[in-house]
Amino acid sequence: MTDELRLRTAFPVLRTITTRWQDEDVYGHVNNVVYYSYFDTAVNGFLIDATGTDIRRLDAVGLVAETRCEFLRELNFPGDVHAGLAVTRLGTSSVVYRIGLFQGDSDEPAAIGRFVHVYVDAQTRKVTPVPDTIRAALTPLATPSR
Amino acid sequence: MTDELRLRTAFPVLRTITTRWQDEDVYGHVNNVVYYSYFDTAVNGFLIDATGTDIRRLDAVGLVAETRCEFLRELNFPGDVHAGLAVTRLGTSSVVYRIGLFQGDSDEPAAIGRFVHVYVDAQTRKVTPVPDTIRAALTPLATPSR
Amino acid sequence: MTDELRLRTAFPVLRTITTRWQDEDVYGHVNNVVYYSYFDTAVNGFLIDATGTDIRRLDAVGLVAETRCEFLRELNFPGDVHAGLAVTRLGTSSVVYRIGLFQGDSDEPAAIGRFVHVYVDAQTRKVTPVPDTIRAALTPLATPSR
Amino acid sequence: MTDELRLRTAFPVLRTITTRWQDEDVYGHVNNVVYYSYFDTAVNGFLIDATGTDIRRLDAVGLVAETRCEFLRELNFPGDVHAGLAVTRLGTSSVVYRIGLFQGDSDEPAAIGRFVHVYVDAQTRKVTPVPDTIRAALTPLATPSR
């Protein structure tokens, strides 16, 4: 990934998440686990808002197949976190997101993540195409993955 | 509550819960919120084990109506926590639990909690009697509430 | 507590907290434990903002001595939660908060909580007076406890 | 990674973690975020036990630089999770762990993770060598990374 793909301006969507006292661990910064909670919240919150649908009730649901995070700088309570979302691959049945976490005025990310959803039938849990309403919501987020 | 009702020996059931690194907050002890996670886990884990049933699939489910906790001493990672369970009221539609949290060899609690379940119909969410299988599992835990 | 003390308008301060996907449990509503995370975040976030001080670095820190919650209605992701704060007792060494959680336009609370901080010396952990900066920040929140 | 490196038997150390009711999300399985809490707990719990030291008080502390997880099957409450630990790289200042999560009798993992600690001076936060006590504890876990 080239450096400019990590900047705040490289993400078509930014979601605001309030931090919590409990997010910080004994080292006085947001614990590494919590970054993934921000990822999960940003992706699903965007999908619910952009589709106008409770995605949990669709016939196909997105299961998380893989996630990654590169931790670049501390996040702290009580400042807000801004989660940038981009889609680097919009496949038949899967979606790959690039996520950047930002805090304060900096354009430099505190973390860069990768988040992969695979869509499965809500009943059978067999792999199934990305629902049309979700595909439509994600198309504007598609960016090169260089 | 008399003092002896707070001791480890006053609880008919003890459940072991492993602490997690993330449970500790910036002050280097388990965060107050996490104590309630231990309560929730002890009650529901006991009910699943004692009934041999996935209680989430019953026609009536227990919703939490009220909880309380008195914080008496620190809990720390990585030691295990022992959650003592007693039932101080087994009503028609509700159950009141007294919960004690212990760590290490001490008989003195780190916390004393109160946890109230009200049973509702899984579909309509109307108040409904405690299911027989749950009532049977809880009867041995009933203790005076003095 | 009289009913009007439970309404949104009865709380001098309202703090906004964004919900998270992970806050919901298997029943499709915010898990009871998470309500306490909202309490903790609202109180400490207010104190940090109102004092302009990182309260974790003061000579006296607030330990949580007791909390309670009455659960009145569901909270859901992805809507924001508004946490109302009032101080029902501002003692020499302790502070008792009343907290109301609200979601959407309703003036009726989803939950009413009680949260008690006892101040202790950061080194010795002996009970000590509420720091002046915190007392000053809390005075405008003091309300009758009827 | 060859397939046999994913099996339970490929991990020199197994740590037991109790699941919690709150770990499950609306889909009725352990939420993806929580897997990372298991990673964090297994690594730090092992280090504390194996060194006999509270690693948070050492002059050098391990900050998490990168984590990953491949989600292969569901985990559920109330069964225990077994976290297998192996060290695939024990560098001058960093340690790379491979982690496998298992539940029930299966030798097949529910998840395979990667967890990277970089050691920094506790005061200056500058990169510093892995402390000797930690290096000694980790040497028996070193395995090929094929």
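When the chains are written out, they are named A, B, C and D in that same order, and each has its own residue count from 1.
We take it that a contact is a pair of C-beta atoms (placed from the backbone, for glycine too) under 8 Å apart; a residue touches a chain by one contact, two chains touch by 3 or more.
Being a predicted model, the structure only gives us computed values, none of them experimental.
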Per Cα centroids, the chain farthest from chain D: C
Listed pair (A-D, C-D or B-D) duplicating the B-C contact set, over half by residue number: A-D
Homomeric contact chain A-chain B: same or different residue positions, threshold half: same
Cα-centroid distance, chain A relative to chain B, in whole angstrom: 35
Separation of chain A from chain C, taking each centre as the mean of its C-alpha atoms, in whole Å: 29
Centre distance in Å when chain A and chain D are each reduced to the mean of their C-alpha atoms: 23
Shared interface positions of chain B, touching two or more other chains: 21-22, 26, 28, 31, 33-34, 37, 40, 56
Partner chain B, residues of chain A touching it in the complex: 21-22, 24-26, 28, 31, 33-34
Chain B-facing residues of chain C, complex: 26-27, 31-34, 36-37, 40, 56, 61, 63-71
Contacting residues of chain B [partner chain D, same complex]: 16-22, 28, 37-38, 40-41, 44-45, 48-49, 56, 77-78
